[in-house]
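Below you'll find the structure, written out as structure tokens, and then a few comments.
Per-chain residue numbering starts at 1, and chain names A, B, C and D are given in the order in which the chains are listed.
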Amino acid sequence: MRELFRRQPKFSPTAPGDETRSIPDDLWIKCPKCNELQYSKDAERNLYVCPRCGHHARLSAAQRIDTLVDEGTFIEYDAGLTQSDPLEFVANGEAYRAKAASAGRKTHTNDALVCGTASICGQPVSLAVTEFGFMGASMGSVYGEKLVRAIERAIEGRLGLVTVSSSGGARMHESMFSLMQMAKTTAALAHLGDARLPHLSLLTDPCFGGVTASYATVADVIVAEPGAIIGFAGPRVIEQVTRQKLPEGFQTAEFLLEHGMIDLVVPRAQLPERIGTLLRHFAVQPEPAKSDDADITRSAEPAEALHD
Amino acid sequence: MRELFRRQPKFSPTAPGDETRSIPDDLWIKCPKCNELQYSKDAERNLYVCPRCGHHARLSAAQRIDTLVDEGTFIEYDAGLTQSDPLEFVANGEAYRAKAASAGRKTHTNDALVCGTASICGQPVSLAVTEFGFMGASMGSVYGEKLVRAIERAIEGRLGLVTVSSSGGARMHESMFSLMQMAKTTAALAHLGDARLPHLSLLTDPCFGGVTASYATVADVIVAEPGAIIGFAGPRVIEQVTRQKLPEGFQTAEFLLEHGMIDLVVPRAQLPERIGTLLRHFAVQPEPAKSDDADITRSAEPAEALHD
Amino acid sequence: MTEQLNAWDRVQLARNAARPHALDYINELVKDFVELHGDRLFGDDHALIGGIGDFRGRTVVVLGHQKGANTRENIDRNFGMPRPEGYRKALRLIRQAEKFNLPVLTFIDTPAADPGLGSEERGQGNAIAENLIAMAAMRVPAIATVVGEGGSGGALAISIADRILMLENAIYAVASPEACATILWKDAAQAPAAAEILRITAHDLHGFGIADEVIPEPVAAHLQPSATIQRAGDAIERHLRDVEQTIATMGIDTLVATRYAKYRGIGRWVDNGETILRNGTVTNAPNGTEHVTSMQHSGSR
Amino acid sequence: MTEQLNAWDRVQLARNAARPHALDYINELVKDFVELHGDRLFGDDHALIGGIGDFRGRTVVVLGHQKGANTRENIDRNFGMPRPEGYRKALRLIRQAEKFNLPVLTFIDTPAADPGLGSEERGQGNAIAENLIAMAAMRVPAIATVVGEGGSGGALAISIADRILMLENAIYAVASPEACATILWKDAAQAPAAAEILRITAHDLHGFGIADEVIPEPVAAHLQPSATIQRAGDAIERHLRDVEQTIATMGIDTLVATRYAKYRGIGRWVDNGETILRNGTVTNAPNGTEHVTSMQHSGSR
């Protein structure tokens, strides 16, 4: 399903191969929940939300950025970071490096997190968005390092931090280096908090494992998209361990809201306005000495960035 | 039952009438739980714990102090504070002043809290102990003021604070002045915390209402006696409102332990050792300038105090 | 307008289902309000709401008890009786207010904290107590407004503030008149008498020095809700400006110390035969001479 | 003594039911230990214990995962898998340690955080995450010792510390070998191969710069528990003294900044074609030249 949604995004993240694919406008897309069919062009206009049942389809990082930030404001940073393979990991005859390279070609990203600066409803932010298509957006060293740099960029530029997360779990191929990214990213948020800058966390379908047990739930406001499945342990693991069938609606965004774990469930179309309003409420005035640097698009050297 | 336990305590709090009653040593005392009979002398030796079923009988403030602190170390403060009756409260033809005076004669205290300094297993403390016989140890202005003074005494003398609480609820006769003692006493504990001095709270049977919703649960360690009934709303109120029968063991100390609300359930005989150990662990060295004043029994003018 | 009403009349007005509730105040006074949900521990309580928004030019954190206007709403709102998760949501938002240096506005309107089994299991007492100490020590300004029923510890838990304002027909009581009547006369029907004897009206509380201002209602609030809400908004703004001025000129430490001194001073007792009235006001000693007791312990921090 | 063992052998040793568990360490190393219970929110978790006591002359706060020695105990201890209330109890005690300026010692020994329905409902992820940030920023020294099984986020949640020590036959892994084998080969029986490939032994972790010291076991710990525990105690004391020395000479801010720099530096990646190894150690770049990358962002607070 996700593959069908892929298209040439307005923002095009740099990728190793840098190949582009052209997708015909008249492709049919089927809603995985209610089987409703719509043209890919209509799907894009509907932000990949099913007009019939409201199902929020998964987005690529590029699509997410397009649907969330003010047009043309995204500048990518740290796009050049890639895996180092500290374990020289090979399983089933497939090397981690090869697997990652293949994922990179597929997703046009070097790893599972795309970071940069942008504005949302006029509010400047440091932004970090997962690419679920890249190895299930598992959190490895690159993900962790890029996120911490995004946090540091927020602190240096006195920007709010917006993270958009979906994840299938740990990056097994980096073993303990993967686990430790939970500690690394969360620890960095302590500094963001000391700087009195807000972290708004958007949880999207599906979001599990280390990500929900680290930075993504240490936020001033946690928002989720309707119907997103979010949890610590995956549904299959829970069913396996407890030998219980999970109740209807378990681990949905609405379930988390009812259980007090998130602040808001917001439909995709309303996300920019709602996040923009929150950023405005939390907006901390730039520190006096830095007040002239408030225009963040000029405050540091951006990595290669492409606008359409 | 409680009346039967009354005796001439080793420590005798000052009271308006100052009448003393002599109780014969050969009085029989019946356990309200298992009906076991024991001589009052044996009951005292057993700390009023039933040797058969372990039921912890309610103690007067004087008995509590006797069973908890190092012999001869208690010095009472603020014994002279009594009710001011700001509402000029009369109900059923009975004036608040008269009711309080009668309670005072019965309990040999001027209100429901007895405060002072003492040592427990050698550790100096500021101590506040409720007298349940005084209008159900409801928290009025005198209770609140005495407790805050005990907290201030702890801060000034760099002492740990030990509170021993049982209470039936608010002092209706002081209306909002009673409710506000919750805020007053709890706010004072913020200062104790800022001074890095420990508050150990001992909850005893029965403990309800404003006391459990204020200072008594804002403590570094909360201890309860076995079987003590402790809660916010009283069992009858809950049954009335919810029209449910309460489950067996509801609101017992053991129930609270299981539900994470208290640290420890400690039998009466072990309380001095356990509280003494905790005080030793938390003991903060006296501030350099005050280190010679550590002997708290000489640090201020005690109110009238009687030792045997 | 309603000066001639007795205490029980005001209890009825305070409980009138058509009376504006917290969300009515918030929607009219707080621009771009975003309700924030959940305690991050157990649940989201619909009886105690909170969020962030713009109150007359500044971002504020808002908390309030929320009653329903009808039975269906009241079931959803648990009749405005918060469970522990409500108080813990409030605590979370108070910490957020402190983190971002935002004033806290609270709207008080609850019969009581929820007295159910689940609330006991999850530590209703602990939850309320944690709020009391957090609000006493919080390093941001806070204005509490009793807009309806101020019910006991359930109300107190979000009303520790630098100013306590009361709508003219609001009440604030240590126990409901019905509960008090049951205790005193074993007869809940004596509630009107209990209401009188407990001195729970705004004017009573102002007289005791506990409420800082009584906000007059044009007529009873439910007959002119918008005018009432605007009056409340004006009073809140005036007091908030005053508190902000204190911070600007004397610093936040002074504000917190002043808040403590206020609560430290509440209570009346007799010491060595003399009536002592804290709060710096004067009373009549039993021996007939007026005096003010020195406040040697107040604000001793 | 056990240097020739492979990773799967060590997994077996780490999980041996007779191996000393947290309470064995505590009872032997911590005088007058008082176990403190409850999160003050929902429950008391028997899989994650905590308390206060005297460790070689100083009061410490102790936390540990507790497994059982037999089935009955294991059911009570939930096989050492904490629920959210366990992590929230830990958080409460960490705050207490900070309040009273007490070092924190943790003993790590868990297969994983509990994956049950109730744990999901009560926010297992949130609970773990809150601990991570609290321990990263806590202003007291902390020594974490992996004594048995260091299972994923469930272990990490109480192991953020100034030093991470590992018993020689302890393991620490991002996922259990069985789970990893299921993911990689759809076959849990391949766990031994997964254990090897994941590099989860104490020596591996020390090599990666994640564990600060490997504590040799005289023989496998369960054969000489007391000698093992004393060795661990000596190592903990040595590192704690070292950390206390840092505070005495350079202040607590330096300690917290150093702790952050350690975690900030964990991870390996390639930037612009060059292999970057954080942690200040050297690696081999793909172009064949050795280099150390400057740590311009580390400890930037």
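Before moving on, here are some points about what is shown:
Simple rule for what comes next: contacts are C-beta pairs under 8 Å (C-beta built on N, C-alpha and C of every residue); 3 or more make two chains touch, one makes a residue touch a chain.
Bear in mind the structure is a predicted one, so any value in this text is a computation, not a measurement.
For the pair subunit B and subunit C, chains touching both partners: D. The chain with its C-alpha centre at the largest distance from the centre of subunit B is A.
Averaged Cα coordinates give subunit A a centre that lies 42 Å from the centre of subunit C. Mean C-alpha positions place subunit A and subunit B at a centre distance of 55 Å. Taking each chain's centre as the average of its CA atoms, subunit A and subunit D sit 29 Å apart. With touch defined as above, residues shared between interfaces to two or more other chains in subunit C number as follows: 40-42, 122-123, 126, 130. Residue numbers of subunit B whose C-beta contacts span two or more other chains: 193, 217, 259-261.
Contacts between chains, counted with the stated touch criterion, involve the pairs A-C, A-D, B-C, B-D, C-D.
Those residues of subunit A lying in contact with subunit D across their complex are 78, 80-84, 86-87, 89-92, 140-142, 144-145, 148-149, 152, 169-172, 174-184, 186-191, 193-194, 209-210, 212-218, 231-233, 237-238, 241-242, 244, 246-247, 250-251, 259-261.
Across the interface of their complex, subunit A is touched by residues 113, 115-117, 119-126, 128-130, 132-133, 136-137, 152-153, 156-157, 160, 172-175, 180, 183-185, 197-200, 204-205, 208, 210, 260, 263-264, 266-272, 275-277, 297, 300-301 of subunit D.
Those residues of subunit D that touch subunit C in the shared complex are 40-42, 84, 88, 122-123, 126, 130.
Listed in rising order, the residues of subunit B touching subunit D in the complex are 193, 196, 198, 217, 220-221, 257-264, 274, 277-278, 280-284. Residues 32, 34-44, 52-54, 59, 85, 89, 96, 99-101 of subunit C are the ones touching subunit A in the complex.
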